[in-house]
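Next come two complexes built around chain A: one with chain B, the other with chain C.
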Partner chain A sequence: MEPVLSVRGLTVTFGSFTAVEDVSFDIHAGQTLAVVGESGSGKSVTALSIMRLVELGTRGKIERGEILFRAPDGEMIDLVQQPEGEMRAIRGNQISMIFQEPLTSLNPVYSVGDQVAEAVILHQGLDKEAANERVLEMFRLVRIPEAEKRMVQFPHEMSGGMRQRVMIAMALSCDPKVLIADEPTTALDVTIQAQILGLMRDLREQTGAAVLIITHDMGVVAEVADDVVVMNRANVVERGPVTQIFEAATEPYTRALLASVPRLGSMAGRDEPAPFDLVEYQP
Partner chain B sequence: MTVPVTPVSPEQGDLGPPGRQALRLFIRNKAAVFGLILLVAIVFMTLFGSFFYDQDPSRIIARPLQGPGEGDAPAFGTDYLGRDVLAGVVNGGSTSLTVALVAVLLVAVIGVSIGAVSGYYGGWIDVALMRVTEMFQVLPALLFAMVIVALFEPSTRSVSVAIGLASWPQTARLTRAEFLRLKNLEFVKAARASGASDFRIIWGVIFPNALPPLIVSITLIMGAAILFESGLAFLGLGDPNSQSWGLMIGLSRQTFLNGWWTVTFPGMAIFATVLSFSLIGDGLQDAFNPKLRGR
Partner chain C sequence: MKQIAARIAWSAGLILAVIVMCFSLIHLAPGDVAIVIAGDSGAGDPEVIAEIREDLGLDDPFLVQLGGYVGDVVQGDLGTSYRFNEPVTDLIVTRLWPTFLLVGTAVSFAIVIGVLVGVFTARRPESPISHGVTVFSLTGYSMPVFWTGLLLIIMFASNVQWFPVSGMRDVRLDGNWLEEWVDIAHHLVLPSITLGVIYLAQYSRLSRASMLEVLQSDYVRTARAKGLTERRVVYKHALRNAVIPVVTVAGLQFGQMLSGALLVETVFNWPGLGRLAADSVFQRDAPVLLGILILSSTLVVIINILTDVVYRLIDPRIRVGAATK
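Take a look at the complex of A and B:
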């Protein structure tokens, strides 16, 4: 099966610092790929590179590599070569993104309904009324209760979980082929986290979108991912289906990452927590 | 049995969207409301005063330099040519307010555009625009405005443009600072990731969030522009064919020791107008940023 998105040999630099080095992976429609790694491993930069947002406002530069995206007409286009105008038509429309901080990802001066409608009007050319219909539909899809009432509310009147649902509704409002979620549940508490992850899984099945989820949380990976890419210090350490990673990880770094998840009862017979053994990663 | 209920003060309750909350805080500020009433009264006097006091301010109606209540003098007395001071005060506001309004519009358009572009794009664009801004800022404002007015005919238009050109740097710097603060926030990134263009992000996403401090600043600049216009008119650089409070004071400067009323009444009109803008500006500041109150 042809992948929807194929990243090949991606290298991103910030000045003399290499944030992402020779990273490759494929994402297929209806599948979830998790990119896992610690802070600073280059996973967010990879995501921003796919959106071609890494060059804006920073000194980031896509040095080498291809980001091949299958356009709706079936042709594979290299996003790295697309001009900014073409990218604007793709962003939010065919590839969309949700961010880590649902509390600050919404503009405080507009109602949430207007913000979602704006994206629909921009990309689908609907009029205001049709856009509002679509927003209502999306709010129901992401299971926001009393959607009509919620549409006219402002971000500060909503809880974090509700705001993240709004963000997901906005990201999915234009039926994207690829949804990138950068730590979508990190800022939420565990119960809401489970709800949002469950919602994302259901929506992936309903819409058939490919999902790229970025996280440092192995629990999230186990919950949603089909395939896993483990990153450390700008490089891919290990990749494979989620079962293989969890059951038979070959790299010491991956095993250490898995071991870092706290387990109930793991302190039995010990007086106090002890530091982990350091894993030196040699590329 | 009654259940004790902790009263929720309006500050703690949910006040709705930020704009409505600011409006409520503004209305509760007595000084600001007084300023607003004062301003409405002045604007009303300027627009409709001549219906109630139908006197030509440029006509000689009595002996010169008669104080209020002396002989056949009108309520505010007569100036050195025997013209009615009250008629001058009633009609003089239109020039001052028109000039200030046009100047402030110019300040808003130039200042906000330059500040927004500078803060949003950064880099060499920012450096270039800020050097231009600083160039205007180091010019002595009054001198600069006098040169512009003197170069062209002194008219309402040239005075407005001169004041506007001399006053925009402050607004540009404030707008730039707000854009620098706002442009890295998550919701701006989110807007970019949803495919919004630079133009849309600047004006549709960031600008509405930068508005509160700008509104305050523009209100205060309005007051300053009225003073500025009066200053220019006092120095004889106003439109000689129009009636203006500053011009009245300027023309009477030779004779005011013999007739305090010739400068006091137009002076009070200027004072009241500038005061009203200051009070409104302070009120808006408190309303938009309640944390600063009491400082």
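Take a look at the complex of A and C:
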């Protein structure tokens, strides 16, 4: 099966610092790829580079590589080479993104309904009334209770979980081919995390979108991913199907990352957690 | 709405306190008003002075005088000017609108240009234009108002004669209302730039800092991720958030701007309240001075209430914050 998004040899720098180096992976329609790694490994920069947001508002620069995306006409286009105007037509429309912090990712001075409608009006050319209908439909799809009432509310009037649902509704409002979720559950408590992950899985099945999920939480990976890419210090350490990574990881760094997850009963007979040896990945 | 009503009620009490304080301060000031009034005509005749004291009720106990004055003010009577022998209210009303015109134009000029300059420099923080604007802002901020005024007069009214040197109207002009307004606008340019430039410098610095912070925020990243143009990201999503500190400072600075207007009106011979206030200090015209003090305090209070209203319009978090108190 042809991938919907194919990243080839991506290298991103911030001045003299290399944040992502020679990263490659493919994402297929209807599948979820998890990019995992500790903080600072380059996961989020990879995601922002796909949207070409790394060049807007930050000093990031895509130095090398290709980000091939299957356009609606079936042709593979290299996002790195697209002019900014073309990228704006793709962002939020064919590739959309949800972020880690639902508390700060929505503009505090506009109602949540207006913020979702803005994307619909922009990309689908609907008028305000039709856009509001679409927003209502999306709010119901992401299971926001009393959707009509919620549309006119401001972000500060909603809980973290509800705000993340609004973000998901915004991201899916234009039926994207690829959904990038940058640590979508990190800022949420465990019960809400499970709800949001369940929702994302259901929506992926309904829409057939490819999902790229960025996380450092191995529990989330086990829950939602089909394939996994493990990153450390700007490089890909290992990649493979989720079962292979969990059951037969070949790289010591991947095994150490999996071993760092606390397990029930692992403290038996001890008063405090035991430190484990750090594994340095050498590309 | 309840909060605004409460603010208005609270402000009425504040204005009353201001009246009592201003009246007490003027009463405590050294010198005898009756001697000043009698100075020209009575030439120090004790009988004339005694008569004036009795007419004006200056022999009454302080509290009686205060009570009488507060009662008159509540009914809209600010007394009679010693110098012009005209009701203070009439004098103030005549001079009020030129000051409003001057301060209003200066505030609008400072906020609009200041915010636009701030946004421009925040979007290109390292560009030579941005550095140039920063230097210009700091220069504008460092120059005393009266000196800026004199410089502008020398440069644009004396050397190149683009604008009139002083006044509000050309007395030789005999035209229709449109020509009169154009003439007033022409006279207004230099005084309003003089008064506004110091605030423009502050607002441009403030909005630049605020905009730089807002442009790094998560919701601006979300707006970009939606595919919006950079112009829409900046002017719709970032600006409304970045302008909140400017509104705060502009509201707080209104009192300062009124005192700045006093200097500008003196330099440009602008027939506003500032010049009337300065003249009444030198002439010891206590009722006029007191009237202007009360009016200025009331204006500051009103502007603060308006700032609160504007806040609520810009930022919905404040609306709810107040309602849930």
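Rule of thumb we're sticking to: the second predicted complex is superposed on the first by the 283 of 283 C-alpha atoms of A that agree within 3 Å, B and C clash if a C-alpha of one lies under 4 Å from a C-alpha of the other, contacts with A are read in each partner's own complex, and residues count from 1 in each chain.
Methods note: a residue touches a chain if its C-beta (ideal position, glycine included) is under 8 Å from a C-beta of that chain, and two chains touch if they have at least 3 such contacts.
Given the structure is predicted, the values throughout are model-derived calculations rather than measurements.
**Q** Clash or fit: what happens to chain B and chain C when chain A is overlaid?
**A** Overlaying the two structures gives a clash between chain B and chain C.
**Q** Of the two partner chains, chain B (first) and chain C (second), which one does A:N93 touch, if any: first, second, both, or neither?
**A** Both: A:N93 reaches chain B and chain C.
**Q** With the two complexes superposed on chain A, say which partner A:P275 touches: chain B (first), chain C (second), both, or neither.
**A** neither
**Q** After superposition on the shared chain, which partner residues are touched by A:T104: those of chain B (first), chain C (second), both, or neither?
**A** Once the two structures are laid over each other on A, A:T104 reaches both partners.
**Q** After superposing on chain A, check 1-9, 19-27, 37-45 or 55-63 and name the one in chain C that bumps into chain B.
**A** Once both complexes are placed on chain A, chain C clashes with chain B in 1-9.
**Q** Across the two complexes, find the residues of chain A that touch chain B and also touch chain C.
**A** 51, 53, 56-57, 88-93, 96-97, 99, 101, 104-110, 118-119, 122-123, 154, 157, 167, 170
**Q** Can you check the complex and tell me which residues of chain B touch chain A?
**A** 14, 16-18, 122, 183-187, 189-197, 200, 204-205, 208-209
**Q** Taking the touch rule as given, give the residues of chain A at its contact with chain C in the complex, in rising order.
**A** Chain A residues touching chain C: 51, 53, 56-57, 87-93, 96-97, 99, 101, 104-110, 118-119, 122-123, 154, 156-157, 167, 170.
**Q** Inside the complex, what are the residues of chain A that reach chain B?
**A** Result: residues 51, 53, 56-57, 88-93, 96-97, 99-101, 104-111, 118-119, 122-123, 154, 157, 167, 170-171 of chain A touch chain B.
**Q** Please give the residue numbers of chain C that touch chain A in the complex, ascending.
**A** Touch list, chain C to chain A: 215-230, 237, 240-241, 314-317, 320.
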